[in-house]
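We just call them A, B, C and D in the order they show up, numbering each chain from 1.
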Amino acid sequence: MSTPQPTTYREAMRAAIRDALQRDDRVFLMGEDVGRYGGSYAVSLGLLEEFGPERIRDTPLSESAFVGAGIGAALGGMRPIVEIMTVNFSLLALDQIINNAASLLHMSGGQFSVPLVIRMATGAGRQLAAQHSHSLEGWYAHIPGIKILAPATLEDARGMLWTALEDPDPVLIFEHASLYNLEGTLAPDAGPVDISRAAVRRAGADMTVIAYGGTVGKALSAAGELAAAGIDAEVVDLRTLRPLDDATIIASIRKTHRVVLVDEGWRSGSLAAEVSARITEQAFYDLDAPVERVCTAEVPIPYPRHLEDAALPQVPGIVAAARRTVA
Amino acid sequence: MTPQQARDAIAGALRKIAPDADPATVSPDADLRDALGLDSLDFLGFVEELSQRAGRRIDEDDYPQLATLASTIKFLSRS
Amino acid sequence: MSEARTRGTAPGRPSAQSPARGRAAAGSPDAAHRRELLRQMMLIRRFEEKTAELYSGGEIRGFLHLYIGEEAVAVGINQALTGDDNIVATYREHGYALVRGISADAVMAELFGKATGCSGGRGGSMHLFDSSRRFYGGYAIVGGGLPLAAGLALAGKMRGDPGVTACIFGDGAVAEGEFHETMNLAALWDLPVLFCCENNRYAMGTALEREHAQTDLALRAESYGMTAWPVDGMDVLAVEQAARRAAEAVRAGGRPHFLELRTYRYRAHSMYDPDRYRDKAEIEEWKKRDPITTLADRMRAAGEITDDEFASIDDKLAGEIAESVAAARAAPWEPAEDLEKFVYSPGPS
Amino acid sequence: MPSLGADMDEGTLTEWLVKPGDKVHKGDIIAVIDTAKSAIEIESFHTGIVDRLIVPVGETVPVGTVLATITPPEAEAVTTAAAQPVTVPAGPVTAAAKAEAPPKVTGEQPAEAASPLIRQLARRLGVDLTAVRGTGRAGEITQADVRRAAAAPRPAPAPAPVTREKPGVAARQPVTPLARRLAAELGVDLAAVTGTGPGGAVREGDVRRATAAGQPTAPAAPLPRQAPERAARTAAERALAMRQAIGRLMARSKREIPHYYLSNTVDLTAVMNWLHERNRELPVSGRLVPAALLLKATALALRRVPELNGYWQDDHFNPGDGIHLGVAISLRGGGLVTPAIHAADSLTVAELMGSLKDLVTRARAGRLRRAELTEATITVTNLGDQGVEAVFGVIYPPQVALVGVGRPAERPFATSGLVGARPVVVTTLSADHRATDGFTGARYLTTMADLLQRPEEL
């Protein structure tokens, strides 16, 4: 029964949505093309047939309206999952996410919490150019009142959603679009996971690579190359971008004293900048080398493959940065 | 505990609590604390280490038997 | 499509929806009802006059948007709502909060920023909330409350709740994208929302004609396939009648309805507003149709109220408001150590 | 001047629409003011007769300034003399508003007692309100106070801070934070460490290599590197430096502090019996030594005689902000440190024991924290382990006392007319005569002796 079964990130996410719809009548999914089309990344394919149009709701192209409706429905006792096709489109709903979802609990003096989950695809790597490729999760992680998740593994794709739905406050889940085809195995009884801790994906002694979402795989590849060169790298997956799990980050720094931060967001004002600042605040006297960052080049993501590759954090860049910390 | 095991246990305990002291220079019948300059806290640490290595409790009443190297070896190997 | 549309209700012209009721005696149920409407409008006005004074004295801070002149709208709409219904309002929401039953004490304390305020002091004038009265708050981003109201209605519909959601906004919001997105969504999904557009003719300082290509706002709502009509917002009886009809229609058919309530604010947009964008004569013209005076005169003529009774209501309200001010002054501040409360819900997550 | 927004500090009166004697109604527009944003009409919140226009046209005044007074209509009927003028409009300084001023979250200027007008005036005249003593009601600062302060001669401006000249062009040596911390903990002189990191940065490994090389028993380093030799010299230099520092401090103490000395022989029977019983039950690792009880008694006695706990500074005694016992610990390589056990009086005997063990271990490993080395309010020295009966120590300036504890030993001791052998200890006190007299010192030692008779209460 518990033999791990082959699956993909997409299927794990779909299983999570199906599970949530089965567990709780209050849960429903809405977004652009989530129903008949099956989701622009095919995550919700087949769910309309299974759960009907009331609970798998196709919306008009009105990000503000359907995200705001999600907030209202959450206030009204439902547990909506709102899907936004891609993070760039979420900017059309920014007023609802920040001025309403993130602020309601506070400005009502604790009277109205917003148990809403918003899922969206993020990240580059598919030659979709400057309006479908950005990584703005670090930007959202700036906002108090919401929680930000970045599942990077099949277990997290399968397990984070339910925990997020049980959270009384709004949770945004950023799914890196390059991960949907990620293959692996998952225990059939895989279930909810915590959404409060970072995870050490590879233990190491010489230096730490901190990554999240789409760059965790790259960080692990880099660690493999470094191991071949005799450098024992630890890889930390942030998992939850807000609130950040300082304890796991700092524990790793205290162990290895050297760190490379990998972030698909732009370097200036990035999540990597925040993590770096926290390391300097909390573990300054444990640093034995300057903090290194590998981020996306400061350009809107270009269309041609070679330029897109050049813009994004890549394994050789991570390896080189890691080598600098131990040089 | 054989006398040799006892000797090793003492040497190990001393290395831990007074790394700069050299038990080899201490004559078997000299007062251990005076010879090595152990204060009461050092001595307590010594007893703690010894008790761990010997796997037995050493009470305060036993302290007189830990006065010299020789008596300590005797004390430990008796059990 | 629309029921009984009356185009171009303008100041100075009595509304078709507000025929003077019959000569009911002072003790009749109708008279008592009108008296209550009058009292509620006077409560809002006296309350707000006091807040203006307190604002000038520095005891109330932030932005303070007064409703004076528009009281008939909140009072009339509220008559059509039950305890099962939701209200989503704007930053000019003192009137709705008071008529919805949030105590003057709690609203005043909120304006003072005190811990006893209806939002615990965290919101201030623009963000009044009360979960027990389904008062889902004042929203200070123009148009920002509309999608949320649609969501509340969606939840009600999915859960089979009987309530409707009253969504209040102004003429300014009609220019926002969120207005159009929400009109479309609510009509498309048959959501039980009562859209109440308070057309006071100015979006802050920009006159209706200067911001809208089509100034007949009800017509624009109608383009989404929604029943919509304009109402004389200076006549509380007309507002009440229209609101009851619309709310019943929403309840019965589960479809959204839209009321354009034509009204006017006498005061500037907010306290710190030089009010240079309109003619003083225009304000005076609208004041001739003051909702309180209009109703009081009508009741006097019908023998439903005497000058003494009017003065006695006024005195009683003044006393209540003075007590609210005293209570707010004496109320405790929230300790600064609690600053980061209410950012996330307490407890394990 | 009404406040019409949080961003408004002042306004200019541009027009009066009423004059004295005019009757005004609540809500009437009575004046026009110009603010940073625009001209605004202001209304009266009262009905009555305009009594006096205080602010003339053209004047700019801070928010809260009274613009005019209005006499309420009832007052006319009664008597004009008794009329209570009503300020128009109500400024933000009504009694109620002031009493309920919101709690300040951050430490703002302590000029809260000053009205906006006063603050404005002070700004204009360049007066620092924190330095002005208020002569108004309840110490409020008045206009006259500010003007007086402005007229008074200013203290000479503080001399520009002297920037310390950097020797030559020697750039700051790059050292990683971890290496810097380790060097401090291990007592390594960074100037003598060769960095092997980028740009010659000293890193963790460099420091560890330097300490390994510095150990006297270490085998001669096989190969090149100047580092080992240098580090060895550094260790010797360090011992000398410590000797010199102790020497300077003790010389200063003897030069400046008029010491007086007292001693007292204390019966330790109760202490020893109690310890014996306790230690029988305790695991070896939790075992107590007499020093723990002696320290506790030292600390508790200071609660009763606080005159000995603190510092002599600027010709007067400053009491300590807690009882922080400096414990003299001799280092194996020679030398002495006196790290502090903080709030020793509030620790249990077991906690004190733990702190003592921890301090000794860390002191000998060179891992003391800065606060531990600087914050002792009194010092305790315990040379008993070296076999002496009594120790008369030298006070650590600026502390005012030092408690010495000799070796607990069996001695003939008379109780109730009978002489028997009992464990006793000699406690001593070295104290600064500027801060206390012998009487206080004696009281302290007897208090300590009394406490030691009831070890179960320590």
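Annotations
Keep this in mind: a contact is a pair of C-beta atoms (placed from the backbone, for glycine too) under 8 Å apart; a residue touches a chain by one contact, two chains touch by 3 or more.
Keep in mind it's a predicted model, so treat the numbers as computed, not measured.
Just count the C-beta contacts per chain pair and the biggest one is A-C. Chain A and chain B, compared by their mean Cα positions, are separated by 59 Å.
Averaged C-alpha coordinates put the centre of chain A at 41 Å from the centre of chain C.
Chain centres here are Cα means. That of chain B falls 45 Å from that of chain D. If you average the CA atoms of chain B and of chain C, the two centres end up 88 Å from each other.
Among the residues of chain D, none is found touching two or more other chains. Shared interface positions of chain C, defined as residues touching 2 or more other chains, are absent.
Chain B has no residue in contact with two or more other chains. Across the whole structure, chains are in contact as follows: A-C, A-D, B-D, C-D. For chain A in complex with chain C, the residues that touch the partner chain are 28, 54, 59-60, 62, 64-78, 80, 95-96, 99-100, 104-113, 144-145, 147, 166-169, 195-196. Listed in rising order, the residues of chain D touching chain C in the complex are 2-8, 27, 35, 37-40, 42, 45, 63-64, 89-92, 94, 96-97, 100, 102-103, 105. Interface residues of chain D facing chain B in the complex, by the touch rule stated above, are 276, 279-280, 284-285, 287, 289-291, 332-333, 356-357, 360, 385-386. The residues of chain B lying in touch with chain D in their complex are 18, 20, 37, 39-41, 44-45, 47-48, 51-52, 57-60. In the complex of the two chains, the chain D residues touching chain A come out as 176-181, 197-198, 203-204.
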